[in-house]
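As written, the chain order gives the labels A, B, C, D, E and F, with residue 1 at the start of each chain.
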């Protein structure tokens, strides 16, 4: 019955979500005593103007600059 | 002060949400020692491409097939 | 696949939780197009010192006074 | 590592979210032994038809009446 | 900034939690464009009397029978 | 109706929780168009062995070293 919620920034493709759900499910199956069909994964996307670190919204930090990896 | 979060697939009508909120509130009032005005219900809809069981996205499982009851 | 989280104060008996889980599951089955075995209910109990309304902790409001219904 | 989730009705401007994230981060820094850059704030907006108190959806309660402060 | 919440039954050893946190973090790093230090994992353990499927509490279903894999 | 969830490490005193609930409620009242009695705050404490950044449990990182501010 594991239930996994993954909060990430919006804007990922369905191919990427497909891989993410599969990889996280595998991670649970390989470490917990569980079966794939018992694992539920929920991807909860947030908008950049709804997420802040250090009191600064992501949409303010990263506005029109570069890719996620470089700027985060 | 009960606070209830209901995670369901998106695409339900407002009539259905109205009945759902009423029925769940009644369920809490009839079993807990509480009053209706203390019960908050939050319906949290997820997109089918953001939910997976067994590592497979719902949008992949149910793509263009049939109604929710039959395919789930 | 509905997933329901019920946040209530700690200290309810298992008999009450049993009735609550049953009543909420029935509420979903009777209003949504779903089956009981697809409904998951999670009861998330909070301590009174971890919950505040109007900026005042419940443990401060209700300290040693009376039952939940009267004071809430 | 504090992680704060703020559930509010949708429809707030980005200026307001900016002030909200800043004010809540400051509240944590000034009361907990933490630094701003350790505080994450997530604003989780709900639609009025997805939120009910007393079993009545907000969208039914407040339909076309007045501003948030007056009607809530 | 991915934030992952894993809801599982209570009673897992710290060794297992260590492996779980590592495996899930790796799953995110290998599929998303992110770094390990940006990934936060929260393990949220529930008691068996606080979780129900089909309206039946886990503590009622599995009482004194066998291991998690067999009975779930 | 704002509902705020604050996830922090366990082990904070009730005096600190009291100040935290008050400060966060004030932050919402001063920035949003709301009243104190509409704001609910939930403090959700996690154990250090249930929280990981970079795939490493907090209980492993900070074991018997120093205070929260220095080590985090």
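We adopt the following convention: a contact is a pair of C-beta atoms (placed from the backbone, for glycine too) under 8 Å apart; a residue touches a chain by one contact, two chains touch by 3 or more.
Predicted model, so just to flag it, every value in this text is computed and none were measured.
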item	value
Selected pair, out of A-C, B-F or A-D, that shares over half of its residue contact pairs with B-D	A-D
Interface residue overlap between copies chain D and chain F, same or different (over half shared)	same
Contact-richer chain pair (by C-beta pairs counted) among E-F and A-E	A-E
Between chain C and chain D, centroid-to-centroid distance (C-alpha), Å	22
Separation of mean Cα positions, chain B and chain A [Å, integer]	22
Chain D and chain E, separation of their C-alpha mean positions in angstrom	28
Shared interface positions of chain F, touching two or more other chains	1, 3, 7, 24, 26, 40, 42, 51, 53
Chain-level touch network, classified as line, ring, star, complete or other	other
Pairs of chains in contact (touch as defined earlier), listed by label	A-B, A-C, A-D, A-E, B-C, B-D, B-F, C-E, C-F, D-E, D-F, E-F
Contact footprint of chain E on chain F as seen in their complex	7, 46, 49-57, 59-60
In the complex with chain E, residue positions of chain A that touch it	1-9, 12, 16, 19-20, 23-24, 26-28, 30-35, 38, 51, 53, 58, 67-69, 72
Touching residues (chain side chain C, partner chain A) in the complex	1, 3, 40, 42
Contacting residues of chain C [partner chain E, same complex]	14, 17-18, 21-22, 24-26, 36-37, 39-45
